[in-house]
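Each of the next two complexes has chain A plus one more chain, namely chain B in the first and chain C in the second.
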Partner chain A sequence: MLRPDINDLLTQTGPGTPMGDLFRRYWQPVLHTDELPSDGCPPVRVKILSERLIAVRTPEGEYGLMDEFCAHRGVSMFFGRVENGGIRCPYHGWKYNADGQAVEVPSELNNSEFCKNVKLRSYPLVKVGDILWAYLGDPDKRPPLPTWEFATVPSGQTFTSKRLQESNWLQALEGGIDSSHVTWLHGGGPTGAGLEADPLFAGSKGNQYNKGDLKPFFEVVENDGGLLIGARRNAEEGHYYWRVTPWVLPNFTMVPPRGDHPVHGHFWVPIDDENCWAWSFDYHPTRDLTEAEVSAMEDGAGVHSKNIPGTYRPVANKDNDYLIDREKQKTGELFSGVEGIAIQDSSLQESMGPIVDRTKERLVATDAGIIKARQKLRRAVEALRDHGTEPVGNIPEHQRIRSVAIVLPADQPFVEGIGDGFQAREGVRQTTV
Partner chain B sequence: MALPISVSACARAATAEEAAYRIDYPLAHARSTRVVAFDEKAEETVRSVAHGPWGQAQFYTTSATGEDLFTLDGERRPMAREIEHSDSVIMVGTNLLDSTAVAEVGMACRARSIMTAGLLLLDAGPLSGNTLSAIRPYARILLVPSDREDLFQLLRAIRA
Partner chain C sequence: MPKVVYLANDGDERVVDATSGENVMSAAVRSGVPGIVGECGGQLSCATCHVWVQDPFREQVGGPGDMEADLLDLGVSDYTEASRLGCQITITDEIDGLVVEPRPEAWH
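This part shows the complex of A and B:
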């Protein structure tokens, strides 16, 4: 249960809100590079943290992200003409450069003098990996560029997708932290059929541990950038099988690996208070992804989704009841009746309503990871608001992290047993079972 | 592929407008919670939280064997009787915790299918492997390390 004011504090991310201010201390993924595929290509509308923006790529190759609406009459610059040096509003010909600075106002006699005072709010938009990242905060507080491993390995080793989730970002994030749902929703419940049915999970020894122990224990451990959430199952005599999920503030989670399959994870990025982008990635630290793996990812396997062509809205969505198959639900072939991990999550998280009323919750002790994460978020928000304290998670030391799957002696703290297995290291394979 | 389009209850039910029609009624305290401090340092934290706005939560220290619990007023009560009607037990300890008492309470909870959570505090220094080994088998979820605020928030969240 959360008090209503705390629920509001954590879920509202628009300009001027405390949580919005926190998000504005981080680089956030905004676009795939192929959404602005070439120099001088058409602009793209972007909505993030409740701000409507337009992203441009000039003929000279410069990226820009600025207020969507022309300063003159409020026309959407989506209809603008991308020209050398920027974008021009088609209504009266006002032209802006990639920084949002007006450079031509044809109706004005003293054009250059008038332009000096006309600037659309703009933000830096930079390419790291196959993603364009934006920073919407105070320029003086801008952190180093993102160093997440999935975005910095060679492009052949990584795959990223995104899907629209029609719920507040916190509902989606909490799904990423809530390890106790995996056995049921994704694991196929008592039958345990779910994991082996997915080509991006099948065949790992860890799946056998999962099936052999349906009531895992959990440990939630403080980490510099957030939390480490360990799910512990019985393994061979005197040993535990650990699956450890890192959460880095405010909205990054990773899924523990299985065998030599690629490692996956998510960013949960607020679009506005009732929608978010679920960015999903798969990468392998030491090898290229295979054609079969990429094909499966493009087809919506693993943590990805099959989207309506030309959009990022999943084919299975709330308008069609997520294509729930009651027969497969009945037989246990699909425990929830919904196909695919991503849609299994979104179907339930969206069903809670756009912003779930957390005053009505009945949490249990195994929800302690979620409780702790909310507490850390709240503390970070209040520390920034009240004392200007810089939040964690926006520096390379916190971002070079990995999820882990490992078998350890029963008396060993998993943090100690895993050691530098949590650290992203170039050329070193992930720690996995 | 043809896109499946159908009239969907989900599409309506997931709107903010429809959320307003969810039945609104007061929820009872869901948990009959027992909070047990397993050493002196943990007792300080438990005492500091015990005066909160709790419904049915009860707070204890424990005897060395774990067979008896003590209320914070010092009244001795048989552990088995105290947890009999509980549905969750929160075990609070530091590096000083008594593994015998933890095992006794933990096994009693397991035998009665009572949910357990463990909070390990740093009030007596860094946590050792022995401390972890002592509590791990009995705490379904363990917060490592944790503090007074964690205990407060956990109790609030589960409506103790």
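This part shows the complex of A and C:
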């Protein structure tokens, strides 16, 4: 259970909120590069941390992210004309550069003098990998650019998608660090085909261990940038199968690998307090993704989703009960009756309501990762708010991290047994079973 | 057979004969002491057996462990230096007569 005031503290991320201030110490993914595909292309609306913004790519190739609304009379700049050096409001011709600075107010006799005092709030928007990242915080506190492995391997080795999730970000994050649901919801419980049915998961020995032990034991270990959440299941005599999920503050999680499949993970980015973007990536540290893998990812397999064309809302969503198939639920072909790992998660996380009342929950021992993550987040938020203590997770040392799946002797602690398997290392394959 | 004294809001006392080795939560639940729920059954994953340990027993009983402190910090509104989770206090002959005050929350 969680005190109501702490639930508010952790779930509210708008401007001026303590958690909002924490998020504004990190580069966050805001757009796939495909959303601003060419120089001078149409602008795109962006809503993040309850701020409504507009992203532009000028004909000169400069990226900009600024307040969505014209400083004059509040027109949405989504309808603006992208012109050399910036974007012009179609209402009265006010023009802004990529930094949001007004450069032309044609009605004014002393145009340049008037412009000086007109600036839209703007933020840096930078391409790293296939993603445009934004930093919404104090320019003096801006951390180094993101160095996550999925975003820095050659582009043939990585694939990223996003989907709209109609719930608060924390519900989504808590799903990402709760590995005990995998055996049931995605694994098909004791009966269903589960993960073996997914081309991006099938054929790993880990799936057998997962299925063979429905009562995993959880061990949570502090890490510099967040937590390492280890789920331990029985393996061969005298051995345990460990799946270790790293969480890096505030909203990055990685799924432990399976066999030689690409490794996946997520960012859970608040849009506002009742919606978030579930960013999902899949990459392989040492080889290109195969055509079959990429086509499965594009088709919504693995952690990805099949979205309504032209949008990021999944085809299976809360308005159609996620297309639940009661017959397949009954036979166990699909344990929950909902198809696809991402939608299995979103269907249940959205079903809790936009912001779940955590005073009513009943946590159990397998929720240790959730409890520890909440406490660490809360401490980071309060330390920043009360003492200006800079949070962890926004520097390269904390971001060069990997998830791990491994079989270890029963008497060996997982941190010791895995060693530098947690480190992202160029040219070195992931540690996986 | 060590005794545990559970204080109530109205100043009433409830004295329970406990077995050495059981914990403050289970002895209370077994005897129907109000204000102690023990929702998770002593698995260290809720905070519905929060008590304030009364002097002079605080030093003997000691402070909360790491996870216990997190649960108190996140789950109760009156976490003080006297706070413990009842399920984490083992009753022994050495603390015979232990006095605790259950601290239930409105949302429990």
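Everything below uses one rule, namely that the second predicted complex is superposed on the first by the 432 of 433 C-alpha atoms of A that agree within 3 Å, B and C clash if a C-alpha of one lies under 4 Å from a C-alpha of the other, contacts with A are read in each partner's own complex, and residues count from 1 in each chain.
Just so it is clear, contacts are C-beta pairs under 8 Å (C-beta built on N, C-alpha and C of every residue); 3 or more make two chains touch, one makes a residue touch a chain.
Since the structure is predicted, the reported quantities are computational estimates derived from the model, not experimental observations.
After superposition onto chain A, the partners chain B and chain C occupy overlapping space and clash.
Applying the stated contact rule after C-alpha superposition, one finds that A:I6 touches chain C and leaves chain B untouched.
In the superposed model, A:P354 lies in contact with chain B only, and not with chain C.
Within the superposed three-chain arrangement, the count of touched residues of chain A is higher for B, of the candidates chain B and chain C. In the superposed model, A:F218 makes contact with chain B only, not with chain C.
Of the two partner chains, neither chain B nor chain C is touched by A:A292. By the document's definition of touching, neither partner reaches A:A197: not chain B, not chain C.
Residue contacts after overlaying the shared chain place A:V428 against neither chain B nor chain C. Comparing which residues of chain A touch chain B with which touch chain C, the overlap comprises 1-2, 360, 362-365, 367-368, 371-372, 374-375. Interface residues of chain B, counted against chain A in their complex, comprise 1, 3-6, 8-11, 13-16, 18-19, 22, 27, 30, 88, 90, 115-117, 127, 129-130, 132-133, 136, 139-145, 149-150, 153-154, 156-159.
By the touch rule above, chain A contacts chain B in their complex via residues 1-2, 166-167, 217-222, 232, 274, 308, 315, 318-323, 347, 350-355, 357, 360-369, 371-372, 374-375, 410-413, 416.
Only residues 39-40, 43-48, 67, 70-71, 73-77, 107-108 of chain C touch chain A when the two sit together in their complex.
Listing the residues of chain A that touch chain C in their complex gives 1-4, 6, 359-360, 362-365, 367-368, 371-372, 374-375, 378.
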